[in-house]
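Okay, here's the structure, questions in a sec.
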Amino acid sequence: MKYLLSAVIVLGLLASAAWAQEAEPATPVDTTAAADTVSIEPPAPVGNLRAYDSDNDHGHAVTIEWELSPDDGAGANSVVAYEVFRWYPDFWDTVQQVRADLVAARQLRASGTLDVEGDPDDYVKELAAEHQEMLSRLPEAHEQYPNNGEFRSLRVVPFGATTFEDQGPKDRLAEDFLPDYCDFYYRVDAVTKVDSIRTPSEIVGPVQSYGQWFNTGRIVVLCFVVIFGLLTIFFVQRARAGAELYVRPIAGIEAVDDAIGRATEMGRPILYVLGLGTAADVATIASFTILSRVAKQVAEYQTQLIVPTYDPIVMSVAQEVVKSAYMDAGRPDDYSEDIVYFVTQSQFAYVAAVNGVMLRERPATNVYMGMFHAESLLLAETGAIAGSIQISGTDQIAQLPFFIVACDYTLIGEELYAASAYLGREPVLLGSLKAQDVAKAAVVIFALIGVIWSTAGSSLFQNLFKVTD
Amino acid sequence: MKRSSVIILSVVLLLFLVSWIWKASVLGADPEETNVWGHAFGITFAAFLTLAILSFLYRDNPFYKFAEHLFVGVSAAFWMVMGFWSTIVGNLVPRVSESLSKFFEVPFDKFAVNYFYFIPVILGILLLFRLSRDGGWISRWPLAFIVGTTAGLNFIRYLRSDFIEQVSSTFVPLLVDWQGFGHFIANLNLSATGQLALTVGNWVIFLGVFCGLVYFFFSKEHTGIFGAASRVGIWILMITFGASFGYTVMGRISLLVGRITFLFKDWLGLIS
Amino acid sequence: MTWLPLVSLTGVGTVISLAVIGGGLLWLLYRSLLAKEVDRRIIFLFIFLSVAAPLLFPITFEEEATPVVKAIFDRIESLPEGSRILISFDFDPAMAPEVQPMAEVVTQHCMVKNHKVIFMCLFATGQALLTQSLDQIMSEQFPDKLDGLDYVNIGFKAGNEGVLNVIVSDFKKMFPTDVNAVPYDSIEVFKGIRSAKDLDMVFTVGGGKPGVKEWVLFVGDPGRVPVAGGVAAVVAPQMYPYYPKQLLGIMGGIKGAAEYESELRKEYPQFEDVDAPGLRMMGPQTLAHMVIMAFIVMGNIAYIVQRRRDGQRKRL
């Protein structure tokens, strides 16, 4: 075994020696050349150096691009890195001194240990004003190039790199703050493994950094926002004008009416759960419309309604909804503030409380509409044990399976929104539902085109959907 | 109170006391333990509450109700206290008032003061008008602000991540790495990264999206070819729900394992 | 040879418990063939037994990392030493048994790779879990790692997605200090980090809202930061559409954690002796799943038998 191992090692060494004879080293860092530093020639400089303000940002960044030195990965293969330099005016050091003083003074002032003559606050304010004034003189100092200043190293990037972003924070008090609207000059050195043997490039400049008003990388998002917005407005206007907008019947919606009738016959209450969503969630908003319809019928039939809520804001809105539904039904006196009440904002504590209501009050019908998380099955299961008719609807995909198995009717995802539009017949809801249908048709068409392009091996169509920041 | 209830209550109380004393004696053996009785009470009480909640599986009972009410009460109070300390004291006070910062002992930086924070303060106070019978309408303004900003913020994010990025993810090649039928047959294998599996996977993605969207198309009755596609859509939805259900079983068992581990390890010391 | 009685005791316990569970199931199958109803409480009892038995008499299984989990492992493995990784504990005690093992195993991996880690949480009730778990891991397994130098705990901040929306452009604005009130600028880990965009990777563990999805929406996509997620099993299927374009990997439920743990043990054998809750929990998981599957089969048998009988009755 030992001999075999030795043989393998020896063979391996021989093979690597043979390979080293034939092949060019992959990188210029080779271990054999430690002694012959004298033989290294200065490499060729980088080509076509360009500097420009970085796109789609808030400023404070300049991008520098170059073409590889002919001696990087080819030619003499001697370039190990590139060092990027920027020209700094001497005035920059004065500004930095004041900045450091200001930062220190602010810290000491915050801890109450700033020991100066006069009011410490005034001292800090004066320093801040001085720093501000100096910053405003920075562009002027940069205009003096090439006098009263020098090139300073920014960063060393490894061989093979062709771009560097000179980026700083917009915080004026940061050490590496990069001011906007100053004339910057850059230089890139091709560096060999002997630091002193290097070749500087041409100097590029002046270039200024500045912020952009619009992020063109997000233009796709803007297009979709505009198209969807216009579609929605168009269909809402049509619905308002009285156009007959067809919505297919949705099984489960009719069940709500029957369930309310059943509760009335049995003389038991109806429990309406709005879920854990906030008032801004679409599912909760859709649920409000359905609640309005349920509350109106409950008021007409004079049945009891129970609405325990999880979110205080949702509670406020639900109270408004139920109150106006009772008014619409012509029974404002039957409305009580206790119909909609707040339980708690802790998920499982809320479930425990609602489960308690189900087992104690024994509602004939439980309606769960809105956003649900882990509590869906806990609620629906308890409701099933209590023998209630259960109708649910949510746009939370993960919770749908539980509702489907434990409830009598379930509105899947968008059916919840559609139900709300179908029941409410409100132009805004109907119009948006129609706009969504058009959008879905568009997605189907996009998917078809995209798949065909992609199968043909082109990513051209896919690139149209690319969002960059 | 019925006699049987009194007996059950006494037995449970007795068991609780025995468990407390026993746990304290076990913890007392550890020289580093400083608060033996308190720690023992905490563990015993937690175990009691766990069992009380689990007793609901048998049937509703006063112990479950006790645990439930305790949970609701404690969590409501906890969130109120958390809301005060993390939002009002944590986010607001250090930005607006030096004296209040001193009072609540939070670091205050005079130069980081931002009076814009008074805008949410005012909106928050307006929200409290909800409690007033006559001024209730005022609370609608901050409500509108909350709904509007959240909707706006989410709209852009969702449109980008959940719509544009997801739509472009659907643009999959239906023939992966296609080099002719002969090549396909010659290199046929069933591995997860093989050409066949990837091709079938892409077809499932494409048809799934297509039929799923058809199911959720509300402007047309589901009849004919449209109805067939919609039925395939609902099958795909149901398969997804099945997978989801399976995952959930795993999740719930994990939670049960967590609770039983607590009972066996921290309370009874059966496992190390 | 002191271990011999222990092994045999465990073995005997396993055999007895399996026999009890299996025998009970056969008895239930017999009853279901007679179309007799099974009380739901019997099912609860069997689930309890199938979870409790493997905890008392451990059964462990080998795990092989699936590509979605391996992707996270490989990314952390391939990042150069000293990379900045953010780990967010976005869960509360109710979710902890399922997701905490993921957070812990990734923490171990980052520490052993000498990455610099920022810990935070978006759940108020998660802060205690985070601090406790961090203290335990650091004191027991990595006593040489220093707070502030190798890792930092910046704790909880109220605001949910709002917090993410701010840190994607400015970290310090949201977290001016860490949990020990050390100012942002004097924390070594934060050197050179202005926003979440400067991070090399984000690993978020959660199951509620805000969770992994919010990290993708508010940090991953707009900031082009690689985000990986460990999620409660319930939400795992919802995360798959984001993989691999928007999420670099997913750990779904305790199985995900177990896979990662076994991958870590394979690469770093020093973790063999460290408790691996994910792998430990796979024993009860497997047995409980088998019992549930048995119940599904039994339920269907009873249903078919019942239907056949009803059919015969109708014909009569």
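Letters are used for the chains, namely A, B and C, taken in the order the chains are written, and counting of residues starts over at 1 for each.
We adopt the following convention: a contact is a pair of C-beta atoms (placed from the backbone, for glycine too) under 8 Å apart; a residue touches a chain by one contact, two chains touch by 3 or more.
Predicted, not measured: the structure shown is a model, and the values here were computed from it.
Peer 1: In graph terms, with chains as vertices and touches as edges, which category applies: line, ring, star, complete, or other?
Peer 2: Shape = complete; every chain linked to every other.
Peer 1: Taking mean CA positions as centres, which chain lies farthest from chain B?
Peer 2: Of all the other chains, the one whose centre lies farthest from chain B is A.
Peer 1: Most contacts: which chain pair?
Peer 2: Ranked by C-beta contact count, first place goes to A-B.
Peer 1: For chain A and chain B, let me know how many angstrom lie between their CA-based centres, rounded off.
Peer 2: Using C-alpha averages as centres, the distance is 20 Å.
Peer 1: List the centre-to-centre spacing of chain B and chain C in whole Å, with centres computed as mean CA coordinates.
Peer 2: Using C-alpha averages as centres, the distance is 14 Å.
Peer 1: Can you compute the centre-to-centre distance for chain A and chain C, using the mean CA position of each chain? Integer Å is fine.
Peer 2: Distance between chain centres, rounded to whole Å: 24 Å.
Peer 1: In chain C, what residues contact two or more other chains?
Peer 2: 94, 207, 221-222, 232, 234, 237
Peer 1: Specify, in ascending order, the residues of chain B that touch 2 or more different other chains.
Peer 2: 78-79, 107, 109, 154, 160, 165, 240, 244, 248, in rising order.
Peer 1: Could you list the positions in chain A whose residues touch two or more of the other chains?
Peer 2: Within chain A, the residues that touch at least two other chains are 348, 397-398, 467.
Peer 1: With touch defined as at the start, can you tell me which chain B residues reach chain C in the complex?
Peer 2: Residue positions touching the partner: 57-58, 78-79, 82-83, 86-87, 90-91, 107, 109, 112, 153-154, 157-158, 160-162, 165-166, 169, 192, 240, 243-244, 247-251, 253-261, 264, 270-271.
Peer 1: So in the complex, which bits of chain A are touching chain B?
Peer 2: Contact set of chain A toward chain B: 106, 109-110, 121, 124, 218, 220-221, 224-225, 245-248, 250, 278-280, 313, 316-317, 343-346, 348-350, 352-353, 355-356, 359, 377, 397-398, 400-402, 404-405, 412-415, 418, 433-434, 437, 440-441, 443-444, 446-447, 450-451, 453-455, 457, 461-462, 465-467.
Peer 1: Using the touch rule from the top, collect the residues of chain A that touch chain C in their complex.
Peer 2: Interface residues on the chain A side: 169, 347-348, 373-374, 397-398, 467, 469.
Peer 1: Of all residues in chain C, which touch chain B in the complex?
Peer 2: 41, 44, 47-48, 51-52, 55-56, 67, 94-98, 124-125, 156-159, 161, 165, 176-177, 181, 207, 216-218, 220-222, 232-234, 236-237, 241-242, 245-246, 252-255, 281, 284-285, 288-289, 292
Peer 1: Inside the complex, what are the residues of chain C that reach chain A?
Peer 2: Checking each residue of chain C against chain A gives 94, 194, 207-209, 221-224, 232, 234-235, 237-238.
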